[in-house]
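Some structures to go through are shown next.
Each of the next two complexes has subunit A plus one more chain, namely subunit B in the first and subunit C in the second.
The block that comes next holds the complex of A and B.
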């Protein structure tokens, strides 16, 4: 049974529809990420689960019980806020013990639990520090501790890493995963950072304009996006216009920039249908050429070569004027991945690595 | 000296001159006179003496002081009780409606508070507006005596000083981070607990500022007890006024003024001490 069920939930602020008939089941113990650009409604979904916002229609079930109208203070859910929202007039201990004190838990037990939690977030011994004397990363940890010390059914995290610098963010990601595994609590994480979503989550929910675009594992989201929005928002994509020229069993012939190529036909496309072909930069192969390209290769010219340490990124202008982005990895078989600017090349990919979507 | 510096100098000079002429000089004169001897024809004369300060300790005057403190304290409490909810709703009102509501708090300032006190007299006197309405409505059979009671004095003091409580409270409550209240709710706090544990402690600087701004003037507003309380209620303000205008004892009135001034300085000192400590614990 899912720990949270959002059934046909809608919410508007004034005349603006923020959540549009959204359905989502969150499984017990999973790390679920709501991913989307700012204004897509992901934070509103989180606030609806927390009870800080009430939906206009639909129901919210938490642990099987209808809690659509239950106030935030009575829900077994805790939030780590984007700006941390730590109480400035209290020290670390008082912040973390806030929820426990309200639950009238005996003082000795509170002491113990706060101490344990502080150790868990690597802040042991910081009990008496005023909030103002903590660094951003430490405040972040206090905010997490303040929520998890209550041992909630669900922990909601609203872009908790966005205020940290890159290095700290990477460290906190690892710590969050570790914490999730150790506590076994359901984590619902909101972010607009696709890298964060892919590295942290068991499941990713991609949102756009108040509705869900795709739900799946990070691998599914990245490798088989269901529409152009997901493909474009998650990771880099090269998108080509093409037309189906013939279909044969599981494969089909497409005409792409005047070149014929055989690709897989996973969605039952018909002859003469217009399609979009998506390719990740690392899924493309580049060949040097003196004159004509082989069959299925698109001719082009190297515009830019960017050395990145572990990879080399190429910007290639195809002969029809479209710029594409290709990532080549260093490997032992093929040392020769350095290209000259303006060098003529041919670009292709291995059949089946592409994603074909209907023309929108 | 360029133009900008010239203007800066001019602006500061003007302010300092104003301050020196109309605040510092009269203040120093009052302090000076408080050490002189009473004189019927010239108001004050040599020699220097500490008699007036000694006189102030007399139980009769101590009672006036105690009386004033009680009035000021109660007025402050009443203003806080009315002003806090008012400032709260003001700060939570929709943004576009707030300027209008704020104006309604401030507009009475545009009329002299003496005139507004006379207006209260017209409202409250035996054949005044309130009694006329009550009699006409048949709610009372004879006029209720409102004027010249303790209650009338409190009505006058609270009415005049309420904006001084509302404005500093509004300033802190309006700036209060809503997310802190949400965090408290999220952690299991009901409305009352959110108020007690988060809103109230964070609004304390505003509470203190408001209390100071009500308490101190309440000690000196002599015409409100005079007009609304009859001459029965004797507060420090009335006492000073009487010494200057009725008894003709300028040095004694000055000594009382200096005493009141010192009392205020001490209270402001305590306020700044506490508020800087409060700020330090929040920022540093």
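The block that comes next holds the complex of A and C.
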């Protein structure tokens, strides 16, 4: 049984529909990430689950019970806020023990639990520090500690890493994963950083304009995006217009920029249908050429070469004028992945690595 | 050289600011009644103040008005500050602008307009009109002080408290109130001192039946500055200074 069910939930602020008939099941113990561009309604979904916002229609079940109208203070859910929202007039201990004190837990027990939690977030001994004397990273850990010390059913995290610098963010990602495994609490994590979403989550929910575009494991989201928005938002994609010229069993022949190419037909496309072909930069192959390209290769010219240590990124202008992005990995057998600017090349990909979507 | 110029500049300013006060305070301890010559230390004038029933009555009246009006202004101003900070309503900017304009408007204009208001409304000048007038001119200061404080804290802390299980009254008692308390106290003390030493507005809105200290002093001074007045002013100054200092520390604490 899912620990949270959002059924046909809608929410408007004034005349602006922010959440549009959203359905989502969150499984017990999973690390779920809501991913989407700024303003797509991620925070609003979290606030609806926390009870800080009430929905206009639809129901919210938590642990099987209908809690659509239950106020925030009565829900077994805790939040790590985007701005941390620590209580500035209290020290670390008072911040963390706030929830426990409200629940009238005996003082001795509170002491113990706060101490344990502080150790868990690597802030042991910081009990008496005023909030104003903590670094951003430390404040963030206090915010997490303040939430998890209550041992909630669900922990909501609203872009908790966005205010940290790159190094700290990487460290905190590992720490969050670790914490998730150790506590066994359901984590619902919000981010607009696709890398964060892919590396942290068991499942990713991609949102756009208040509705869900795709739900799946990071691998599914990255490798088989269901629409152009997801393909474009998660990772880099090269998108080509093409037309089906014939279909044969599991394969089909497409015409793409004047070149014929055989690709897989996973969605039952028909002859003459317009399609979009998506390719990740690292799925494309580049060949040097003197004159003509082989069959199924698109001709082009190297515009730029960007050396990145473990990879080389190429920007290639195809002969029809479209710029594409190709990532080449260093490889024992093939040291020769440096290209000259303006060098003529042919690009292609291995059949089946492409994603084909209907023309939208 | 530069340093000396600096020091003498600062001391001139301070002498200019505090010299008259110092003279006044020193002479409140002077034995002589009429001369402005030092004739020895004495507390006579403080003692005679205590025997002057009119002055004592006026002082009590002043304290009463200051206490009640500052409390009322603080309560109303705090609520007003919340309204401006947390709620959206039409004309909010205008309202806030008006608050500032009341704060800036000359006392004499305010005094006359309040007087006209009371006359038009047929209210007899006295304790009540004085109280209303004092609340009116203290209110903007409280609103501005408390609003700055509320605006300075992250509204998400209220959500955080609710999220951690606090009910509405607990959110107020444990989070909101402690956070705004320094500003509220500062606003209250500031109102208290503003009310206690106001002359101009009070002059217009009080009646003969209800005398307050600053006006009493004002009328005494018309007959010449007596050492009694000096003593009285010294007491008032010390009171005001204490309140201002406390308010200052409360506001400073918030910035920390």
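The rule is short, and it goes like this: the second predicted complex is superposed on the first by the 360 of 360 C-alpha atoms of A that agree within 3 Å, B and C clash if a C-alpha of one lies under 4 Å from a C-alpha of the other, contacts with A are read in each partner's own complex, and residues count from 1 in each chain.
Heads up, the rule we're going with is that a residue touches a chain if its C-beta (ideal position, glycine included) is under 8 Å from a C-beta of that chain, and two chains touch if they have at least 3 such contacts.
This one's a predicted model, so the numbers in the text were calculated from it and none came from an experiment.
Colleague: Specify the outcome, clash or fit, for subunit B and subunit C once both structures are aligned onto subunit A.
Modeller: Clash: subunit B and subunit C overlap once superposed on subunit A.
Colleague: In the superposed arrangement, which partner chain does A:133 touch: subunit B (first), subunit C (second), both, or neither?
Modeller: Touch status of A:133: first partner only.
Colleague: Classify the contacts of A:57 with the two partner chains as first (subunit B alone), second (subunit C alone), both, or neither.
Modeller: A:57 contacts neither subunit B nor subunit C.
Colleague: Tell me which partner A:98 touches in the superposition: subunit B (first), subunit C (second), both or neither.
Modeller: It touches subunit B and subunit C both.
Colleague: Now for A:85: first (subunit B), second (subunit C), both, or neither, which partner does it touch?
Modeller: Both partners, subunit B and subunit C.
Colleague: A:217 contacts which: subunit B (first), subunit C (second), both, neither?
Modeller: neither
Colleague: Between 3-11, 129-137 or 165-173, which run of subunit B pushes into subunit C after the superposition?
Modeller: That would be 165-173, the one stretch with clashes.
Colleague: Taking the contacts subunit A makes with subunit B in one complex and with subunit C in the other, which residues are shared?
Modeller: Dual-contact residues (subunit A): 50-52, 71-74, 77-79, 81, 83, 85-89, 98-99, 102-103, 132, 146-147, 150.
Colleague: Taking the complex as given, what residues does subunit B use to touch subunit A?
Modeller: Going through subunit B, the ones touching subunit A are 177, 179-180, 182-190, 193, 197-198, 201-202, 281-284.
Colleague: So in the complex, the part of subunit C that touches subunit A is made up of which residues?
Modeller: Within the complex, subunit C touches subunit A at residues 153-154, 156-157, 159-167, 170, 174-175, 178-179, 256.
Colleague: Would you mind writing out the residues of subunit A in touch with subunit C in their complex?
Modeller: 47, 50-52, 71-74, 77-79, 81-83, 85-89, 98-99, 102-103, 132, 146-147, 150
Colleague: For the complex, which residues does subunit A have touching subunit B?
Modeller: 50-52, 71-74, 77-79, 81, 83, 85-89, 98-99, 102-103, 130, 132-133, 146-147, 150
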